[in-house]
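Read through the structure below, which is laid out as structure tokens, and then see the notes.
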Amino acid sequence: MEEKFEPKIAAFVCNWCTYTGADLAGTSRLKQEANARLIRVPCTGRIDPVFVIKAFENGADGVLISGCHPGDCHYNAGNFHARRRWTMFKNLLEFVGIDSTRLHFSWVSASEGKKWVSVVDGVIDSVRAKGPFTQFKKLNKEHEIPVQTGEGVSTK
Amino acid sequence: MEELIISTENFKKIVKELQEKEFRVIGIPEGENKYQEITVEKELSLNSEAAPAGSSFKEYFFPKSEPIFFYKQNNGSVDLFDPIEDKKGIVVIGAKPCDASAMPIISKVFNWDYKDDLFNKRYDSSLIIGMSCHYKDDYCFCVSTKGSPENTKGSDVFLTTLENNYFKVATITPKGEAFVKEYGKHFEKDEKKHNPVERKEAIPEHFNYEKVKTWLDNNFENKFWDTAGEMCLGCAQCAFVCPTCHCFDLVDEQCGSCEGRRAKNWDACQFSLFTKHASGHNPRDNQEKRYRQRISHKFKYYMDKFDDILCTGCGRCARGCPVSLDILQVVEEINAFAEKS
Amino acid sequence: MNELKQICKDVLTEKKARLIIGYSEDKNKKVKPYIARTPEDAEKFTFNHNAVNNLAVYIPRFKNHFEGKIGIVVKGCDLKAVTALIQENQVKRENLFIIGVNCSGVVRDTDKDFSKDNSQIKCKYCQMKTPGYFDAIAEETIEFELTDDDQAEMMAKIEKMTAEERLDFWNAEFEKCIKCYACRQVCPMCYCEQCIAEKSTPKWIDTSATPRGNFAWNTIRAFHMAGRCIGCHECERACPMDIPLSLLTRKMGMVASAEFGYRPGMSIDEPTLIGSYSTSDKEDFIK
Amino acid sequence: MNLYTPELVEIKDIIEETPDIRTLKLQFKDPERMKNFEFKAGQFAEYSVFGEGECTFCIASSPTRPEYLECSFKYAGKVTNAMTKLNIGDTMGLRGPYGNSFPIEQMKGKNVVFIAGGIGLAPVRCIIWNVLDLRDQFKDITIIYGARTVGDLVYKNELEDWKQMSGVKTVVTVDPGGETQDWKGEVGFVPTIVEKVAPASKDTVAIICGPPIMIKYTFPVLEKLGFEEENVITTLENRMKCGLGKCGRCNIGSVYVCKDGPVFSYKELKDLPQEY
């Protein structure tokens, strides 16, 4: 059977709401695909757009950024600043060629275990439909170890 | 060797043959102003009236970024892999004298004491076909840096423009002779005695490099330096388009968590972090000192160490500078100081 | 032009500013930035269609609260950069002696003369031929015919592409980048002591001019211009490899005004876009 | 393999000298290379941590003890911080030896004074052991070493060995305020202690290395004691990348510190433009 493409998702989640929400999903035994790798940050306001680009550089096929609902932020205004920053960054990345099927944003609070599961599954399906991000992975060609084959270079 | 000439059409045939023999042919295509690889759709054009290209062709010998080795961690130990060698030889066709003469200059620093084999592998197997130059503007000063529009230094074969786009062929180095012999069928005898195309205007002598050097020898603390580089913004455009600037940086880059490479990249003394120590101390902590370093390295230090001027007077840095900081006017000012004292 | 010289001479003789950043013309008729510290230096000041540089880039370097005011010659568009620097608390208004100039358009290619086809796109939209505020004003504006905006149709072309085509288009452009950082050094809003590209622990953006390093650098530089870029097009003019950088910053400007109705550098006491927030910002893209 | 590719070395031992200074004992993975690796005291090498980069340190061990190569470093930059995470048995890279060395030939038959400050003892330690291993070829030896506090003293046990050695006058000092209750050594900045010890300058070579401020205030003291400028030798710390005269980073005037240095006499330093 042809090896099914398993998308790699980098999920930047805020420590106070979404991380605990994901924890809740786990403790309440909700079934969920395991493609999302969670990266815990103190607040969505801490998420720098260079993290997103670094995630794609390191092989992520999709990125999910999730944090507290507006008003719930442990630091009061972290997600407000983030929201404004994401609006600008989302549009820039779309303009440069990384569209909204690969870059997802969401608010998940600490009590929304189910919502977390549906958000993650939605992201995974959207990225799986889009397929591996080979176009971006090609940017790594000069950094990968060239395999010394006889006729020419074929990277691993 | 009897006088040989060649037409532009025949040159295009040579280009095709070279490409079949796995050579990378570098030249300036029709209607463009940048050295690049000649391909089927990018026809070679040999126009000696054209202005110097936006940047030099040093990137084909000293790339803007090239891998030194690749590494892979495996449980405590590390395996090193060599980069893939680009086996194709390089042939530059239609190189201006100010670009061609830069190659032997930077070859000196890459070959004194330790031999930089990354550079030598490309340079030794290459062939540079220079062409006489009929261009002049306010930024050209090749005559003042031991050069001239007909300078054959650095070229293996030198073409002098004749009318109805023929070129007189002069072989300078044994490599050049071997090339002309190998592709002999494309060259012809000069029966019709084409007369060469004359230069409209000669390039004047702007300064005397010896006087400039003697002034630089003992004016390190002169207050001229406080205002000479004041307006410089510290980008590295002048160093990266320059045919003779050769400074580089060694930097590690990860690819994933346990693999990566070490790269040799272009670097420039105009950058603020070029000489910054890990302790924070920076011997050149302002732009004026860095600009003094740029001028002194080109017109004094390189002569002290390698007896060559690290500048061929192509004027590229002045043409492209975002704040029009003109190296020729700075050196002319120094020349004036030198003549006064 | 001698009106400007006269103003600058008076400012320097009466010590209203310890130096003035302006334009001078060298023997090749090239207009370039120049600093005058004495009235005799001010003799070299000039202003014409070739005065393209945005002199606000020198403010962070020459400002010094102890030694007093610095003078700066500004066109209308340059003043927006000065305002944006004041908005971001890089310099105080009272530490600047602003010498405004009525501008009648500047060239795009400094080697050719000013004409309809050789003028900057920003001049087409310029409503600030006379700078908004100043301490002294010189020159008179001469009406001029403007170039058509070839960038607008380029923007439209990119918007119509699919995501894959856009990524290919931009990767082909970024491939040319040689990491000379002229776009950063010439930008008045790029005043950070240590740019994110120079941070090494961890290495966020590769210093190598490889496709990966170039994509990260050019994208992040454009993002750092979100709601800050005043559209002086200096980055595109300075780029030796002719990458259409101002398309990226222009996109940021369009999104800032479309989504938040914000235009940088319009008024001194307006809070900056990214530096502030509002509880009623749109969030239709957030699930 | 090209001239910038390092050779693999293994960390055999790690000594925590002070909270922010560490000494590594390195051995080439290829035992053959370990045997034929020659260097002179004062030469430096480029130490690589793969994925982080390279940094430049002198080889702190003496050529007379070829079983190991040692280097001491302070946590300052990207690579040195990465080196704090390495442990025994890990692999590093080493390129060298580069640069010139201490003029041990002209020092033979003379008195030698070693003056060092803080981590500056590392580049001087290799020549100290080199001289002590050929003890009889030198007249009397004085070692003056100072650090900010007692905790900052490097090679503590070796300082004790040097104190016990006959014919070696060892003076260890800490900056005022850096001493502890049971500190028996000197208290004072290195220049003042050099003045106090006042080593004889006739037929003597002084080797000095430490923070620039210490060197700046010690040179005049040595001049007052009658030392000629050619006999005062220091090793210069400049930013380096290639280490072999190609990358154009370490120049002071026409001199490349990595090729014509890092060891310079005070006389040579005075002729160079003051940009280091």
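Every chain is named by a letter (A, B, C and D) in the order it is written, and numbering of its residues begins at 1.
One rule holds in what follows: a contact is a pair of C-beta atoms (placed from the backbone, for glycine too) under 8 Å apart; a residue touches a chain by one contact, two chains touch by 3 or more.
Computed from a predicted structure; not experimentally measured.
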item	value
Between C-D and B-C, the pair with more C-beta contacts	B-C
Centroid distance [mean C-alpha coordinates] between subunit C and subunit B, Å	32
Subunit C and subunit D, separation of their C-alpha mean positions in angstrom	49
Centroid distance [mean C-alpha coordinates] between subunit B and subunit A, Å	45
Residues of subunit C touching at least two other chains	208, 210
Residues of subunit A whose C-beta touches two or more other chains	140, 142-143
For subunit B, residues that touch 2 or more chains besides their own	65, 249, 251, 253-254, 260
Pairs of chains, among all present, that meet the touch criterion	A-B, A-C, B-C, B-D, C-D
In the complex, subunit C residues that touch subunit B	26-28, 30-35, 53, 57-58, 61, 110, 178-182, 184-186, 198, 203, 206-210, 213, 234, 237-238, 240-241
Complex contacts: residues of subunit C adjacent to subunit D	200-201
Subunit C contact footprint on subunit B (complex, rising order)	54-55, 64-65, 138-139, 227, 230-231, 233-237, 239-241, 249, 251, 253-254, 263, 265-266, 268, 271, 273, 287, 320, 322-326, 329
Contact set on subunit B toward subunit D in their complex	68-69, 71, 73, 76-78, 80, 82, 109-110, 112-118, 220-221, 246-252, 254, 260, 262, 264, 267, 269, 274-279, 281, 283-284, 289, 293, 296-297, 300-301, 304-305
Residues of subunit A that touch subunit C when the two form their complex	49-50, 53-54, 57, 70-71, 77, 80-81, 83-101, 104-107, 119, 122, 135-136, 138-143
